[in-house]
Every structure is written in C-alpha cells, then in structure tokens.
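Going in written order, the chains are labelled A, B and C, and every chain counts its residues from 1.
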Amino acid sequence: MTTVEQTELDLVEDEHERILAQTPFQRFKADFLESKIATVALVTLVAIVLVAIFAPLIAPQNPYDLAQVSVLDARLPPGTKSEFGYTFLLGTDGAGRDLFSAILYGLRISLSVGVMSGFIALVIGSAIGLIAAYAGGRVDSVIMRVVDIQLSFPAILIALMLLAVFGKGVDKIMIALVTVQWAYYARTVRGTALVERSKEYVEAGVCLGLSRNRILFRHILPNCLAPLIVVGTVQTAHAIALEATLSFLGVGLPQTEPSLGLLISNGFEYMLSGRYWISFFPGIALLLTIVSINLVGDQLRDVLNPRLER
Amino acid sequence: MSRVKVIFAAFFAVLIAFSAPAFAKDLKIGLASEPTSIDPHFHNLSPNNALARHIFDRLVHTDENQALVPGLAVSWKPINDTTWEFKLREGVKWHDGSPFTADDVVFTFTRAVNVPNSPSGFGTYLKGKEAVKVDDHTVHIKTPKPYPLMPNDMSTFAIVSKKNGEGAKTEDYNSGKAAIGTGPFKYKAYVPGDKFVFVRNDDYWGDKPIWEEVTLKPIKSSPSRVAALLAGDVDMIAQVPTTDIERLKKEPKVSLSQGVSNRVIYLHLDHDRDNSPFVKAKGGGDIKNPLKDQRVRKAISKAINRDAIVDRVMEDVAIKAGQLLPKGFFGVSPNLKPVDYDPEGAKKLLADAGLKDGFQLTIHGPNDRYINDAKIAEAVAQMLTRIGIKTEVVTMPRSVYFKRASRGGPDKTPEFSFILVGWGAGSGEASSPLKSLIHTHDKSKGFGASNRGRYSNAEVDKLIEDALATVDDAKRQDLLAKATEVAIGDVAIIPLHYQVNTWGTRKGLKYKPRTDEATMAVGVVEE
Amino acid sequence: MTAYVIRRLMQSVVVVLIMSVIVFFGVNVVGDPVDMLINPEADQEDIEAAIRALGLDKPIGEQYLFFLKNAITGNLGKSFIFGEPALQLIIQRMPATLELAITALLMAIFLGIPLGLYAGLKPDSPASRTIMAGSILGFSLPTFWVGLMMIMVFAVMLGWLPSTGRGETATFLGITSSLFTLNGLQHIFMPALNLALLKISLVIRLTRAGTREAIHQDYIKFARAKGLSPHRVIMVHLLKNILIPVVTVIGLEFGSLVAFSVVTETIFAWPGMGKLLIDSIQQLDRPVIVAYLIIIVLLFVTLNLIVDILYSILDPRVRLGEREA
C-alpha cells in the first residue's frame, strides 16, 4: 500500500468520524443545506409563513372587516390610491378588497387549512395504513373497504353535507379535507408496508424478539417514508387546490373572508376580462407557496431516506 | 407515383374534404344551462321551455318583450264570465304532414298535466281549466271563476300532436319519435349532455328561420363559453358574464346584444317573528325584531347605494329597481322610482326607531343562482355596516339555500331573517310577483308561496285579489299598480336592480334580446 | 387465488350497501330537490304535488327500503331531473369519460415513467432539473386555470384545436369512440392533457423517487456486478421494483380520473359522467348520485383488487393468501 493511498484512506476515515461525531440534527441540517435550491425554497417558505402569521401588522387594510372594504373601490388597477391614504399596491378585487392585504390574510387561511389538514390526514392515514398492513386478515379487509368507500366519495358531496349540517367555516373545511385525504395516505402506506413487512430486516427484527410497535414505527415506517413524502407534498398542494375548488363551487369558506384559493377562484371569472391582477397575483402567491413546499419536501425525502447512500 | 405519395395524397384529400366549410347556413349556439328533456311538458323550467319553442308552438306566442301575439291561435276573447274562445290557425301542419286541429289542443290539456315523474309540470297554468272543442278550429276554455290571465297562461305551454303524443313517454320525445311539432324547426338529433340538433321546417306557417341547421350545445362554464365564441366554435352564446363584457365590447370578432329581463333582484325581510333568529342587538344579545318597524326597513333601503351595485358589481349590466318589474311591463306603477342613496337619512331613521347604535344582521344569499349574487350580498353588507347595522354575509349553493330560505325553520317556516333573492315574472305582468311574493302566505288560496318574509297587509291582499278577478285590462292594470305602490311604500321587499341579459354573437349576427331570458335560434338574425 | 377474489367481491357488496345508505341519507340532509326543480310560479299545492310525484313525501326510511327493493331487480330509480333511468343516463355518458381517462392515463404512463426514470438515473443533469421543476408546476397550477389557458392559447389565439366539446365518433371493432376520428382526436387532446397534467407530475415524482432509492440497493449492485447490460438492469430489475408504488398510485388515480374529472369536463364542456355528477349534486338529483357512486365504488373495489393482484405478480414476496393468517 502506497502512502498516497494511505492518506486517502485516512481522509475517508476522518470524514466518517466527523459525521459520526455530529448529532443527528446537525447531520440532518448539513445534508439538507447541501442543495442550494432547497435552501432557497426553505428560506422562501419561512418568509411566507412569517408574512402569513404577521399579516395583520403588514397589511394596510383588514380585508375581512366590511367597514373597511367598499365596493366603490372594486376592480381598481395596481397603484391606485385609496380614500384612506394607502396605495392599492396590487390593485383591488371584485368586492373592493385591497389585493395585497387579501393575499396576506388569505395565505394564513390557505396555509393553515392546507398544511394542517394535509398533516392530520397524513398522520391518521399512515397510522391506519400501517395497522392494516401489519395486522392483516380481517382488520385489513375492513380498513381497506372503508378506504374504498372513502375514495369513491366526491369531496364536494362531503363538503356540501357538512355545510348543510354545520354551516360554513375554516374548521368545517378542514374536516372535509381530512375526510377526503386520509384514504390516499392509508392506501399508499399499506402498499409499501406490505412489501417491507416481508423483507428480511423485519423478519430479523421479529426473530430478535423486538416489540410489534418497535418494528412498526422504527423499522417499517421509515422505509415507507419515500413514497409517503412524495404523496404528502403533492397532497398538501392538492389540499390547497381542493379548498380552492370547493370555494369555487360555493361550498368552501365564507366569501367575506377569502382564502388564497377563494381569491384565485374569484379571479377565474376575470381571466378573460383583461383585469389580469385579480387572478394573477393570488396565483403567483399560491405558486410560490406550493413550489417551495415541494422543493423542501423533495429534499427532506432525500435526506430522511435511510436507503439513499449519500 | 410511389405508394407513399398516393397514401399522402389520399390522406390530404380526406383532410380537405373534412375541413371544407359547410355552405349550408348552420348556426351553433352555446347555452349556459342544459335543458333536461325534449318533452315540452316534462319539466316547466326556462331552459326546457326555450328549447321546446324550437320544435313546438303555443296557442299564444310572446314577443321579445313578452307581449302576447297570435301563435297557433289567431284570436281570443272572453265570450262570458267563465269562458274564453280561441280561434285556431288554419292550414297548419305537423312535421309529419298531418293537419293541426282542435283535437290536438284538447289532447294537450290532458297530457301536459299527466307526465309521469315530472318534477314540475304545467298544472300551475292548467288546473281548473277545461278545453272544449267547438269545431276543428275553435276551442272554448272554461273556468269556474272569471279568469283574466287566460291568454298569458295559454302562452306558457307547447301544443303537442295527438296522433304522435298519445301514449308517448318522455323517452319517446327525447328519441325524436314523438317530437313532432308545428314549430320552425324539426328534431334531428339529441346527444344528452352534448348537443341538440334541429333542422329547418320548410313548411312553417310563420316567418321561416334563415338557419337550415341549428345546434344547441350546453357549455356551463362561463369563461369556456366566451372562449368558444372567440375561437369561432359557436356562433352565439347565452349569458355573457358581466366581467367579460367590457373587454368583449372592444373585440372586433364579436358583437353583443343586451336587453333588460323580467327578473328583479330584491331583499326580503322578516316581517313576522318578534325574535328573528338572525337579528341581534349590538354586541350579540336578543332584540325585538327591528325589521318589523317600517322606519328600519326604509333606513336599510336608503343605505343601499344602488348606483354602486349597478356600476361596480354588475359592471353597468343592470338597471336599478324601484318596484317589481321594469317599466314597460303590464301592471307596473308609473309613480315608483328607485330609492335614492342617503346614508345620513338612513342613520336618522334608525335613530328615530330607537336604534341609534345600530344592530346586527346576517344576510343569506345563494351563490350560484343569479348574476353575481354573492357579490351583491357582500356589497349590501358593506353598505349596511357603514350605517351601523353590522352585517354578516352567509352564501351557499342554491341546493342548500332555497330549502332553508323557504322552510328550513321550525314548522317549515322560513329560516332566515334577511335574504337576497330574485324573481322573474314568467307571465310577463305584475300579478306574478304580487301574488307569490307580496300577498299573505295562504296555502288554501295558493297565494304567497314565495313570500319568505311572511309580509302581510290586508289592503294589498285585497287589491291583488281584486285585480286577479278583473277581466278588464285597464282596470286590472290600475289595481296591480296600486297594489305595488302600497306594498313598496310599506317596504314589503327592497328591490335592488333588474337583471340585464347579454348574448354574444360573432360579428355579422345579432340577437333580439328577450325579457324572458330565452335563447332561441329564430331570434338570431344577420346584420 | 379464486377464493380470495370471491371473498373480495362479497366484501364489495357490503361496501356498496353501506355507500348507498350514506349517500341516500346524506343527500337528504343537504336539501330538497323540489326546491331546485319546481317552477318558481308554482303555488303551495303544486309544490306538494311535485313532492308526491317524486315520492319524496314518504319518510326517508321508507324511501330507502323502496329503493332497495327496486335495486335488487337492477332498477336504481329514475332521475328527478331527466325522468330517465339513472343507470342509463350514466352509461350513456360513460364512453366519453372513459376515453378521456384512458387517454390521460396513457399520457401519464408514457410521459411520466420515462421522464421520472431519467430524472432518477441522472439526478444532477440540467434536463432532470427541468423535468422536476416542470412536474412541480404541473400540480401547483389549478386545473381550471391551466384548462382555460390552454383554450385561450391553442383555440382562441392560435386556432389550432377546437375549444370545447367532444368530436365526431366512429365505430371500430364494436366500440364507438371519438378516438377513431381525426376530429375526435383534435377535440380530446386538450382535455386529456389537462386531466393528465397532475398525474404526469405524480408519476414522474414517484418513479424518480423509486429509482433513486433502488439504484443503491444490493440487487441492482449485484446485477451490475454480474455484468448485466445497464439496459437490462434498468428495464428488468430496476423498473420491476419501482413499479409497485407507481402501480398503486396509478391504479387509484385511474379511479379518480374516471370518477372526478369534474373540473376538466366542465371547462371543456365534455359530455361525460363527471359533468353529470356535478350537475346532479348541484340539483340534488338523488337517484343519479346514488347510482353513480355505486358504480364508482364498484370501480374502486375492482381497481384495488387488480392493484393487489398486480402486486403479487410484480413482487412475489407479497402473497395474496396471507391475509387469512
């Protein structure tokens, strides 16, 4: 063995030790920040979340207060001065709301509705999927048939029923979205978990006498993560879009408190009208949000995946 | 020539053959809502009725302004208090060549009210009426009581052929088998969900349409409908959305035809309950229903800036309203003007009523029924909030809305306190809204069916009932106008505006706008 | 295997039954179809007559029993708004939706898998990055927005394709479809692409994720070490393993393509089942909603069954029978 090779080997060894010395979080952080695009996306996402949280401080108008909104200001182009002194930076929508303020407030609702319902659905769905895959037999059959019913049930009908029984509101929309989405996660997780379950490492775990829960959550679940995150990031985007569609069909959120989705579907009417700002700006805001969620999601998947040698 | 070349040549020949422009005069129309059947008596609703007019005629026709003109009947008159005589047009032929006679009219009277599974039939116009054949071209229609609206009622339903209609089911009309009419077009094809195709009836008794073949395609999504017109895939579309009108006016490929409709958009208020569920004191406590106080109702009416709604929400495609029907219709009052916007006056009225600090209200409205309905509700809420009536907006699809608005409360009473609704006078005269919206809710007499505010005023009731028993047109006109004046003076309802309908055609065509909102191929003319 | 399939089919009967109960009572809660259907000029008596004509005057439980009795003989009731048998209405519109869904599915498979594979094998190449960026756009933009933009660009501005509607149909091998005519193909292209966009993105991402993971696994390394050609490694060993999640998702997505192509069908005025469903829901046409959802449940149950069987073929380690344990 020559000295040069020896040094290289040492270097690799050093690197290895350095990695071992890191806490899991540090390692995770280092891995995540490796991708420039993902870092930019993360920064954007954090910025969007902050802006959404502090919307009341940033927005010149409270777009949900009917006393501050006047239909006389409807459809003004960007840059018009308002009677209260501030400028409608991005113009106004069909009801006279300042679009800039409305987008900020709308982001809050869309993010909380989309992300929260996506997350709740993910947790519930994957837990149920795991149980189905691991328990097998009758439990599996019952769960999967419930999934069948759920998947065949149109979201609008669920939303319509909830609306008729409970009325409109953010919480009702979230219930509707969770009800619609959990089945997707359950189906995906079960599919992957079935495959994992029969793999050697699980059998080894069973032989070692590891507890059921430990095998499920420490071994099978992490291995299901890749498809789960893919479906998850897509579904979060989908949840926001779904909320928009429900609002579009008139069963979504109250129209005086528009979410981003509702702003976009309102803007749909104006797409051919030449008043581009009413649909364009909310669209851009939505696009930015979803793209950054997905870029972050992609990177997360790569980083968290135990099987990707990096 | 090589084989490849031959194939190519053949291919292009076929292509050209397929894409050759049709020389026949064809018309394609994009409809906003889909008629559900070709059976003219199956479903008494505007899209179906407009469709039926292509194939079938009625005894009495209505022109663009819903004025009555001769149809299959050339003349009509009351011959005593309870009998009307209709003289039928001679020489009219059904599409299958058989002659049209009084037997067909008598047959229609039985069929129109006996269609199995019909979700909404023509009983409204036919019950209590008996048709008697006098000779082949004379029919007497008898009623138990004097009935002035006979010609109006006779303009609502299609006359079908006895020969083809006996025993025919709705399916037979849809398949074309029984769809034999006397109208300007003949049935050619019906692909459910996709299109209706008609061809010209060259033997038509009236003005022959200029179109040889007409295709009606439902395109529900408004922007798609506009795009189809812009792309030249259809020659005309119904219900151009208000948002696109400004731009389309500048578009060289397109021309627009606009006309006021018979539909008024109005607010109904709870006149009945002392504790109305969606009226609260400032801060949310209970309050004695202030909507029962005429001053409060007047204040609400004054607080609404109708010009702003017409200009900013409706984009100038509406006319502000002061009563139940726009001027020009039978029975409207010449004295009523739209209430002027006067927020100071409104606040003063509120103060007079002891509500200086205002109160809280919820406005309920549909969001898929009338043009810009949800936006109007929101604008009204903004305006009321500004005079101190803190108003919340709740809109919902009509599938949920109308049941709750009509009978969602306890004992099937109306659930809401303050609602946005619209009313189109199908009969084209003022008794229609007066009878249904203003008259006291009375099931036994069939009055006030849509009186969702439960307004009740004995004086108005009497005027309406008198009008409905007066055969003399001039007298009836006065009674209807008087009833309207009293009701509007008492703010029974708050009218906002009349809808204006817009049809878009490709350049070179024009549509004669109709107050009844119907879209019909015969109305499309070349400029 | 046969026993397994039979048991699954029996389960699906239960599923359909549960579904019908939920829908039947659920729609009843929403509102009353008579309010939707009646002519506004009708008086109270007419309204009650209409309620009776539709059989809605009886208690809801009784209505359901009546429905069940008819359903056993294959009669799912007549549509309130069309007056025709609900099943017939749906079947009439089914070919249009199926051809749309199949076209979209083919687009998703034949664009999504190769692109995803490429992006997974060469994750750092500029082309891969473009593919991934494009796929994100694919599902970030709302369907109705993309659909309308497509119409504006290709139909209104360029005039290349028809804006809306289904084209002429032709019959080939006993199947009538607009896929067999040039005019039909022109009409179907935009709606199918619009419907497929989200699915293409999804397939790209799943395939890429699977590929990235699989190339590091032992069996691939082993296959390479054995000296198999890269082509064979990818096509046989890699593809077979990454297809499992892709198949699951595509299977489910096909179901949703057929069942809920509502937005696309509405924007493109496509005379399919999706448009029928949304119209029926908006007008509370209960017989059609119930019949439609029963068909959809059967579709999903069947698709899930096929997916499960495909699993066992793609991956012998998954045994169908093991659920009995």
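The working rule: a contact is a pair of C-beta atoms (placed from the backbone, for glycine too) under 8 Å apart; a residue touches a chain by one contact, two chains touch by 3 or more.
The structure displayed is predicted, hence computed values, not measured ones.
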Pair joined by more contacting C-beta pairs (A-B or A-C): A-C
Chain closest to the assembly centre - both centres taken as Cα means: C
Rounded Å distance between chain B and chain C, as computed from the means of their C-alpha atoms: 37
Cα-centroid distance, chain A relative to chain B, in whole angstrom: 45
Where chain A and chain C are represented by their mean Cα positions, the distance between them in whole Å: 23
Interface hub residues of chain C, defined as touching at least two other chains: 30-31, 148, 152, 281
Contacts with two or more other chains, residues of chain B listed in rising order: 223, 227, 368, 397, 399-400
Multi-chain contact residues (two or more partners), chain A: 160, 164, 249, 268, 271-272
Of chain A, residues touching chain B in the complex: 66-67, 69-72, 74-75, 94-96, 160, 163-164, 167-168, 249-251, 254-256, 268-275
Residues of chain B touching chain A in the complex: 222-223, 226-227, 241, 243-244, 246-247, 305, 308-309, 312-313, 367-368, 374-375, 378-379, 381-383, 385-386, 391-397, 399-400
Chain B - residues contacting chain C, complex: 15, 18, 34, 36-37, 39, 42-45, 115-121, 123-124, 170-171, 174, 191-195, 217-221, 223-224, 227-228, 230-233, 368, 397-404, 406, 423-424, 426-427, 432, 436, 443, 446-447, 449-450
Parts of chain C lying in touch with chain A, wherever the complex brings them together: 11-12, 14-15, 18-19, 22-23, 26-27, 29-31, 132, 136-137, 139-145, 148, 152, 198, 201-202, 205-206, 209-210, 212-213, 216-217, 244-245, 248-249, 252, 255-256, 259-260, 262-263, 277-278, 281, 289, 293, 296-297, 299-301, 304, 307, 311, 315, 317-318, 322-325
Partner chain C, residues of chain A touching it in the complex: 136-137, 140-141, 144-145, 147-149, 151-157, 160-161, 164-165, 184, 187-188, 191-192, 194-195, 198-199, 226-227, 230-231, 234, 237-238, 241, 244-245, 248-249, 264-265, 268, 271-272, 279, 283, 286-287, 290-291, 294-295, 298, 301-302, 305, 307-309
